[in-house]
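Look for chain A in each of the two complexes below; its partner is chain B in the first and chain C in the second.
Take a look at the complex of A and B:
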């Protein structure tokens, strides 16, 4: 595309009062010979927008640098079709956080305009990715339990064809064992109505149900998945656009429990899941001799919230125990029923059922560590009651029910990443050298059998749940187009599972729709750019295929990366990973950011105006910076900010470029890495830190001090801290002294 | 030490009026807001736990129910509607039944039918007795009670009743004393009991603890009823014949039952008026409160609560009527009313004082006193230890 650049400077919101607009305009007109440069007192008004539109129509302007407010606001006003648009943030990040009509403020605004002009020069209009094959909008749902069936039904109701695969011979999942349940409005026990759902699913003409089936292979990418389903001895292939994983859970193996809980020592010590099976078949009776239950104790958190077993809370066992206790009471109102709990957790309206259980006369004992003693048919529970401060003894118990937790089905099977290192000594060594990042846990749990370079199943975030971030990105796994729902994602009640299933199918629908338009899914929804590889220069180093947090790249036998653009979330992490810099997007590239850095004017040493480059994550840190402006907090006038799609897209060449140009320091704002990460692209900030750990090499080569480069973790709420952090860094730079490369 | 849980106690306590204690989830807000709860004797949550767990022995040794005056702050603050104030009230009823060795109290509290029958039968017996045992020639021209039931005989009846009541109440109080002391009964030296004796008197007459509750109206009403009742009790039991006439120790000038009405300024008459007004105001306030369920302490009314108020008010009202009929000099009406008056008053005293609500006039000051004694002893032990 032939670039016809136009610059627009807004003088509203205090910009005109704080800057010499005419001088600013000269950066465009004189320095860069931009043919169109206009100012307007209120550019986002209809009149202002019309001004731009008339230039697009009349003058053929197609590359617009709009110097006004932050790109995070007014994006709908400045949305021009078929135009490259860059927003120069001279409001929040210049006039609102700098001294008005100051020389340094003017220099800052001018630099930002220069950087923008350098940027747009390197930008191209992205063209949506259109695969050769037709994009499928069908959805595969894996797991025919409550969550899976709800997902399938909701998807079918929305008009999408759904393929439902269930491992067992009939639909229903764990709920098949559950005769009664407690759900909205949580006032009393209700009959389980799973049969109605099964009937609705099997009767729906848009749902193809496979029972007794498993998935032999899933290859491809969103919109283009090829799934081989093995059922009744034959294999069927389906083409689907997105996948909902609702494969469910298994109860924690009670034989692994602490001996104190006496599982196995007596037949009368059972688990909550065993209680369900018993109650489904017949009435509640003492397991050993089928006598009536007169005294029963329910012990909560058996092997849960315990670092030696399940470290997490399964969230539903308290409600389940309350229901089971009420069921014992309903069968025999004279029975003495005890619930021994660590903390009773009945989230939301389930609290009402807790109250009912109290009113039914269940006795509650708060104890962190109860002990079961078995002698013959009779059981005794000893518990230190924290509310009483004394040991409580429950004697003559006919039954003890242990609340074991939920384990996602993805938690079973050997870890794929461990296998890989065992393959060959040579490769192992090489990987040890290069790979300091702990590989994701991917277990061969025989659920999806993905043909992905990074492993055959979904990577786990924590405790083997294949979620990515349950607050920020619910349902999203780390494989684009595959969404987790129900208890495979996290332990949950039936009511939550149904909500979850609906949410996940919604995500799957969004995925097939966006993919069919060549657009990215969450979090860069609608982004049309995608990575393009200049393969002639590829060295098969595998960095991109290994580092992509979403497993977007497959590999051929020669270790050449095979990109799957519909799996891509457009974070640019691969772009940062590539030592040969062969990966770029139409509107985001190593060269583009490099040119922006080179566009910064670095004053001579004797002017005593240092320059600090800030490479900032645009998801959290950039809005935090805007916030400091919005709050009119003053920032150093010597900083120059460049937003990045993700700090993980950082390429070390930019650091070298900046330092060799004479820029005195570089500060990087990223998100918190690790288990409680806040990165939109999961491992982005972790990778950035990992790469920067190797910056010493670059600095040594340039004979520069390592203090010149620093990484800071900035959450969106940290805006208050930013001026302090920047000021402190400026002091460090002053101590270290000016960059000796100035003026080269 | 380990304790055994007894879920059946909750069912038993239901008979004493417990309704909502099972809703408690032990957040402790009640104990936090209670102006009377102390770190040494925290309540009411602790007692709710004892109730839920069925720890009868612990309840028996607990002084806390008597430290509570039921202002209702805890029940108003309870996030779960567990009404901890009511639990404390139930505990007082339950403890009264446990202190009572005759077992009568328990029947009285747990069966409304028994309660009503006991009151009615005793009332009728009193009326019958008065019918049978009256002087041969009642004065039918003037309302002279002494001509029907001479004060000397009435005093003897009074003393017999007083003696029986005292034996019952004191024996029950002694049990209360021993239960509350628990293991300390042989340990605390006598000097501590003496040193704190004034507390017993102070609490008996002022209920100053109650004044620390947020709702001071309850304290005032309680004080009115208590002082009014005590006054009238002294007048009808101790000074009926102006002292102990039977052994010749009496002073005619303060005799309560006499045929010539005192002049309006006479202290006995003025005291009588005060007592009448105080009880009438107090009981009316409480009855209206209980009907309207105006505040937490009045929300749940046990049968014995009503019986107590009704008997007290009926006694007062019949007393007022007698006063008027005497002023009007209507002999027959006076005598009939007198019989009714005693038919109401005697059951109130005989049943309520040792076995029911009135017993707290002994238990509460004794427990408060013991608490002070225990604290004093604990302080001393601490001083020795350090």
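Take a look at the complex of A and C:
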């Protein structure tokens, strides 16, 4: 596209009062020979917008630099189809946080316009990615338990074809063993209706069910997955667009429990899961001799909430124990039934069932550390009752039921990142040392068998749950187009699992719809740009294939990166990782940001006007900077801000570019990394810090001080801290002295 | 059901669940409308300082959601709007929406000249009445949409014309009247959220009587930079730094005289707030009075972390009564120590009541017949054919759960309009 540039300067909201607009306009007209440059007192008004529209229609303007307010506001007014639009934020980030009619304020505004003109010159309108093969809108659901079946049925009801794969011979999963359940409205036990769900799923013409089946391999990418399903001795291939992982959980291995819980010491010590099987098959009886149960104790948190076993809480065991206790009581109203708990957890309306259990005559004992003693068929539980303040001994127990927790099926199997590579361990180790990046935990759990360079299953962050640990976006896993649902994601009740499964297939549907339009999924939804690689210059360094948080790249046998654009989230982390700078997007590139940096005017040393480049995360730090303006807090006039899609897209060449042109310091604003990371692209801010740790080489080469480059964690609500941080950095720069490269 | 006119989804409530439903459905290609009664989107989470367990600001996620709205023409939203009536049937509903006057039109640039000209002050609802704001105001620091609101009291006052004249963009419209608007939609998702249980009903806790008794929702405003004290946690009575704080769990929850159910989130919210106190006052003594700490799934690890703080004491017992020392305005918490069965008196500088979540449907039900449970929660996601309930009007939930629920509701609504 041939760029016909037009510049529009709004003089409203105090801009015209604080700046010399005529001089500002000269940056466009005189310096850059921009053919169209207009000012308007209220550019976002209908009249202002019409002014721009008439230039688009009449003059063929197609590349617009709009110097006005932040791009975060008036987005609807300045939305022009088929035009490259850049918003030059001279309101929030210039006149609202700078001294009016000051030489430095004017220089700042002029620089921002220069930077914008350099930017739009390097931008193209993105064209959506269209794969050669047709995009499939079918969805694979892995796991035929309650969650998986719910996903499949809900997806089919919305009109999508679903392939459902279950490893067992029949559908139903764990719920097959559960005869009765407690769910909304939590007043009483209800019959489990899993059979109705099975019938609805098997009877639905849009659902293809494979039982006794496993997935041999999953290759491809969203919209283009190829799945090989092995069932009944033969392999079937399906093309699907997205995947719901609802592979469920296994009970924690009771043989690993502490000895004092006496599992294995007597047949009459069983787990909550074993209780379900017994209750389903027959009546509740003493396991050792099938005698009636007169006394029973339920011990909660067996191997749970315990750093030596499962550090988390499985959420549902309290309610399960209450139900099972009521089931014992229902069978024998004279039975003495005890629940020994650390903390009874029945959130929401489930509290009603706790009340019912109390009314039914269940005895509750609060004890942190009960002990089970087995002697023949009889069991004793000793418990320090915290409420009574004394030791309670429960004697003549016919049965002790241990509440063991849920372990996601993704927790089983060796850790892929610890495996030896084919080339041998040496190389792998060397790579790791060089890279110093903590590899994700991916276990060979034999569920999806992804043909992904980064590993065969979904990465887990904590406790082997394949969850990204986003509070706001719980469905986002680390693999685009694959959404986890149900207890594989976190322990949850049946009611929650059904809802979760419905939500997960919603995300899968959304993924196939967006992918078919060539658009990105969360969080840059709708983004049509995607990375393009100039392969002639690739050195097979593997950084892009290793660093992509979403595993978008595969590798060929020569270690060439093979991008999968439909797996891409458009964060630009690969672009930042590439030392050869061969990765770019149509509207976001190393060259584009580099050109913006080069457009900054750096005054001579004797002018005593230092320059600090701020590369900031556009998701959180940029809005925080807007807030400093909105709050009319004053910021140093020497800063120049460039927003990045993610701080992880930072390429070290920009640092070198900036320093070699005389910019005195560089400060980076990114999100909090680590366990409680806030980066929308998971590892972006961490990777930025990791790359920056290597900046020493560049600085040494230029014989510059390390203090000139700094990274700061900035959350979106940290606006109050920003002026301080910037001021403190300016002081540091003053101490270090001017960059000797000025004027080179 | 392929009526193109009604191939859209109405979402009532622009909080976390409603936003989620609308955005998720729109991103799958469906037209959605959000109707929100406040002048801003974001609901209760916009009023939170941090989320547990990551201790990160809700605005981080809201900003992304707002960006998703800004770039998606399929989502339209109406603030200061309420649903008056719904008629019709699944796939073809007629909805009447009432638009309350903002007295500021779409020409507003957010420049703030109106507020500068205004001297009248009103109670700041966003901060639960803990401070005052100008009667021409931005609802809160990061409000979306970023547009001013003029309080009706100002419109009626002598100052109205002065404020109108101060606007350089002719954005103040003092003659704005309530309007009604008709929408045709195929499905409705009701997601009107919750409100904190009225602490004044807890008569032994002296909420309105003793200034240093506040609620958990107020505590989040106190800790927020955009709150009444610019983020300083101080005693409302004298602005002093508290040396001791008591968090009182189940204030009205799990109590048959108030809310018989458990609100699920208050334990975690109090522990989160304990971290706010700890950050500002490294030596403050913090008590958490509780019945059971309900930290399910990985939230248990957050509980574990909080327990490591030696100055946070988890005190098993329900506070029976709060009294005030009139001279110091300090509080005395009478609590039965269940482990020793003694009645103890614990003096604190400030008390935070962990009041529970009450569904807004308990007071303002959906304007069509749907089943509710004993507490005013909508009995199921499928409330009625074509009408779905999402978020805290179904069960007390944390943010993550509400997002799941909102996403699920989006699919149910799509099923109502797009059976292929």
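Following the convention adopted for this analysis, the second predicted complex is superposed on the first by the 729 of 744 C-alpha atoms of A that agree within 3 Å, B and C clash if a C-alpha of one lies under 4 Å from a C-alpha of the other, contacts with A are read in each partner's own complex, and residues count from 1 in each chain.
Here is the rule we go by: a residue touches a chain if its C-beta (ideal position, glycine included) is under 8 Å from a C-beta of that chain, and two chains touch if they have at least 3 such contacts.
This structure is a prediction, so every number in the text was calculated from the model and none was measured.
Trainee: Should the superposition on chain A be reported as showing a clash between chain B and chain C, or a fit?
Mentor: clash
Trainee: Regarding the shared-chain residue A:365, is it in contact with chain B (first), chain C (second), both, or neither?
Mentor: first
Trainee: Per the contact definition in the header, classify A:382: touching chain B only (first), chain C only (second), both, or neither.
Mentor: Once the two structures are laid over each other on A, A:382 reaches chain B alone.
Trainee: Between chain B and chain C, whom does A:190 touch in the aligned arrangement: first, second, both, or neither?
Mentor: In the superposition, A:190 contacts neither chain B nor chain C.
Trainee: With both complexes superposed on chain A, which partner does A:211 reach: first (chain B), second (chain C), both or neither?
Mentor: A:211 contacts neither chain B nor chain C.
Trainee: Which chain, chain B or chain C, is in touch with more residues of chain A?
Mentor: C
Trainee: In the superposed arrangement, which partner chain does A:202 touch: chain B (first), chain C (second), both, or neither?
Mentor: After superposing on A, A:202 lies clear of both chain B and chain C.
Trainee: Output check: A:631 vs chain B and chain C. Expected answer is one of first, second, both, neither. What do you get?
Mentor: So A:631 only meets chain C here.
Trainee: One more residue to check, A:395. First (chain B), second (chain C), both or neither?
Mentor: First partner only.
Trainee: Check the residue A:228 against both partner chains and state whether it touches chain B (first), chain C (second), both, or neither.
Mentor: After superposition on chain A, A:228 lies in contact with neither partner.
Trainee: In the overlaid three-chain picture, which partner chain does A:332 touch, first (chain B) or second (chain C), both, or neither?
Mentor: It touches nothing on chain B or chain C.
Trainee: Of the candidate stretches 39-47, 93-101, 237-245 or 255-263, which in chain B collides with chain C after aligning the structures?
Mentor: Of the stretches 39-47, 93-101, 237-245 or 255-263 of chain B, only 39-47 runs into chain C after superposition.
Trainee: For chain A, what residues appear in both contact lists, the one with chain B and the one with chain C?
Mentor: Residues 344, 355, 387, which sit in both footprints.
Trainee: Can you list the chain C residues touching chain A in their complex?
Mentor: Result: residues 24, 27-29, 49, 51, 53-65, 68, 70-72, 107, 109-111, 141-142, 146, 168-169, 224-226, 230-231, 254, 260-264, 292-301, 304, 316, 338-341, 373-375, 377, 379-381, 395-397, 399-401, 403-408, 410-412, 414-415, 418-420 of chain C touch chain A.
Trainee: Of all residues in chain A, which touch chain B in the complex?
Mentor: Of all residues in chain A, those touching chain B are 336, 338, 344, 354-355, 358-359, 361, 363-366, 382, 385, 387-388, 390-395.
Trainee: Within their complex, state which residues of chain A touch chain C.
Mentor: 12-14, 42, 44-45, 69, 72-76, 154-155, 157-160, 184-185, 305, 307, 311-315, 343-352, 355, 386-387, 389, 462-463, 465, 469-475, 490-492, 496, 499-500, 502-507, 509-510, 513-514, 523, 525-526, 619-620, 623, 627, 630-631, 671-672, 676, 678, 680, 715-717, 719-720
Trainee: Which bits of chain B are touching chain A when the two form their complex?
Mentor: Contacts found on chain B: 1-5, 7, 10-11, 22-26, 49, 52-55, 80.
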